[in-house]
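Both complexes shown next keep subunit A, but they swap its partner, so subunit B is in the first and subunit C is in the second.
Take a look at the complex of A and B:
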């Protein structure tokens, strides 16, 4: 990373934007991709090993830490980590009580999982850009993106899981007929059955757009925020190879941007959770 | 091929415009509401952050796609 031609700058950026992809290449067989173009040639069934590994590992860390605190819950005054976990649980409980108007014991634990898991994944963005990829390079791994939420596969996967839950609970609470009625009989309705039949395709188009906007906006919002944040970290990191003055200035910029990014990280995790709870509350509405 | 840069610039620019106007209105209403009822200040501020994140969503998606176009598509 010490060469200073324009090409090397671009290569640096692209190197840090490439996932570690494992899949079946038409020429190389089942292998890790050596560059972004090979990864694209692998097609749809290639797997981003680094995103999967980090997101799974962070999920396990969340479960272990929170389970450790849950096992030690007593009626006494908590302190330290125990206190923090109880604060988190109370906070999420408050949000769910405010936004969720149905009856479902799974919503609050799921909201807690989403909030803490997305927050942990976003938090990886604060680790300086080159640290872990350099360590991985010493171990022989050439590409590593440590922030799973900069991978659209991860964020859209979570959003589609939420979408699946929306449809499942909609059908469970309202029935298939009620769910389809909600899609076809709103917002235009009429007493005359012929006019009603004409309105159905119009209603369906409008309601389907609204329905499909939910998971896509949920997933892409998180992806866009995190990808833009990581991109700015990488761009500022390029200043480190431009001499002492610019390097120190780059360090100060990284610090400033990281402090601002702490707000974005927390906010995006919170928004993902609140919107999930609100969408599921809408799915549980039984008129 | 250079039109990709213009496309990215339009995406980011118009997104920034929309986000700035939206945030300005939101912040103005927050200040007004807090001035009328200071005891609701913390609650209004909490809701403002939520709405700020929602307002930023589409411009941020545009920025993400714009960055991808500039650094991965154009330079690649």
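Take a look at the complex of A and C:
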């Protein structure tokens, strides 16, 4: 358990679900939040240092490792790490070629970044929930959430970037008129101009919902899956304080859930990548 | 669980990572892989070509060998023919020479015989004349009898 034996179950869970937040508190000014309530009071002008730090760090690790392989990439016989990197590149390239039919050199590297980065962020879920928060507590840091993808800021941030690219490429490929036409002239259309004019607001409402649903479903799907998985790890970890019988049972449960989770984290990273590619492919298609 | 600036931090880092990945990772790896693919394809092509060349060369070599054998056989045949010819010619020459020698010898023998006969005839004539002189005891006129004796010698 996280150090303090006097904690109740609820406190334990809440402690694990609170980010280390640095922001502008109405009373304390720019400072670290001391509890969840203070973090909430900071409102928008705050940064979840742990989420962003782990996320950025994992991204840097990913790029350094892959850059290392790219530096040594030759036409000779590949081996070891380079083999693995080439396998990943080929896999992502295959997925992109299957579902993206336009010509855009940015899609494939973006898909690779998403897949590996999201996978690494999800992978932090397999680190036992108490290890790093406890280490951080020894260092005097009270809150630490190490799985960035259980923070909606992180997943929605990526989804918003994807959304921005959808809008950008829609306008770039189809022009402003084409994009607006796509939003207003379908699914309902009529030859009679008056009837068409009536259809326009209905179409706009339908298409806007569809368009806006893309980033939210993308971000919240990843967040929901990871958050639920993390929650189960936390609940299992609570059994360790309930005697050796329940503790042993909890250990077995954690092992089982972790093994099952390997599938989930990979799958969620893959889904995020594929949906991004599909959304951008739709943005490139001209009707 | 609050939505805050983290959102934009993540958004910006995402865009930066995508840029970095495209610029420094993806392009290098994809290029190397494509180049390697081409190299392997070229290598396989070259191997195909080489095996085809080898087959051709083997065929050519076999043909050459056959030609050489034929040539050797024909040379051998010619040589044999020539040898036979030479032997035949030599035999012919030898026989002709032998014949010639034999004829010469016979001619010489004949000549010798004739010469001997002539000598003998002369001697017989002298002998006959001497004998007749002795018989007659008188020296007869040699010139008167010469024709008679010659006639006698020619009859011998």
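The rule is short, and it goes like this: the second predicted complex is superposed on the first by the 279 of 287 C-alpha atoms of A that agree within 3 Å, B and C clash if a C-alpha of one lies under 4 Å from a C-alpha of the other, contacts with A are read in each partner's own complex, and residues count from 1 in each chain.
Everything that follows uses one rule, which is that a residue touches a chain if its C-beta (ideal position, glycine included) is under 8 Å from a C-beta of that chain, and two chains touch if they have at least 3 such contacts.
As the structure is a computational prediction, the values presented were derived from the model and not from experiment.
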Check your understanding: Given the superposition on subunit A, are subunit B and subunit C in a clash or a fit?
Key -> fit
Practice item. Go through the superposed model and pick first if A:17 touches only subunit B, second if only subunit C, both, or neither. Key: both
Review point. In the superposed arrangement, which partner chain does A:270 touch: subunit B (first), subunit C (second), both, or neither?
Key: first
Practice item. Could you tell me if A:172 is touching subunit B, subunit C, both of them or neither one (first, second, both, neither)? Key: neither
Practice item. Give one of first, second, both or neither to describe whether A:231 is in contact with subunit B, with subunit C, with both, or with none. Key: first
Check your understanding: What is the C-alpha-centre angle with subunit A at the apex and subunit B, subunit C at the ends, nearest 10 degrees?
Key -> 100
Check your understanding: If you stack the two complexes on chain A, which partner ends up touching A:151: first (subunit B), second (subunit C), both, or neither?
Key -> second
Point to revise | Broader residue contact with subunit A after superposition on the shared chain, subunit B or subunit C | key: C
Point to revise | subunit B versus subunit C as contact partner of A:48, first or second or both or neither | key: second
Review point. Should A:97 be classified as contacting the first partner (subunit B), the second (subunit C), both, or neither?
Key: neither
Review point. Shortest C-alpha to C-alpha distance from subunit B to subunit C once the two structures are superposed, in angstrom?
Key: 9
Review point. Touching subunit B and also subunit C: which subunit A residues?
Key: 17
Point to revise | Residue numbers on subunit A that touch subunit B, as the complex places them | key: 10, 13-14, 17, 36, 217, 220-221, 223-225, 227-228, 231, 267-268, 270-271, 274
Check your understanding: Touching subunit A in the complex: which residues of subunit C?
Key -> 1-11, 13-15, 17-18, 20-22, 24-33, 35-36, 39
Revision key, fill the gap. Note: in the complex, subunit A contacts subunit C through residues 17, 19, 21, 23, 39-40, 42-48, 51-52, 55-56, 59, 62-63, 66-67, 69-71, 73-76, 78, 85-86, 89-90, 93, 105-106, 108-110, 112-113, 117, 148, 151-154, 156-158, 160-161
Exercise for review: Show which residues of subunit B lie in contact with subunit A when the two form their complex.
Suggested key: 49-50, 52-54, 56-58, 60-65, 67-68, 71-72, 75-76
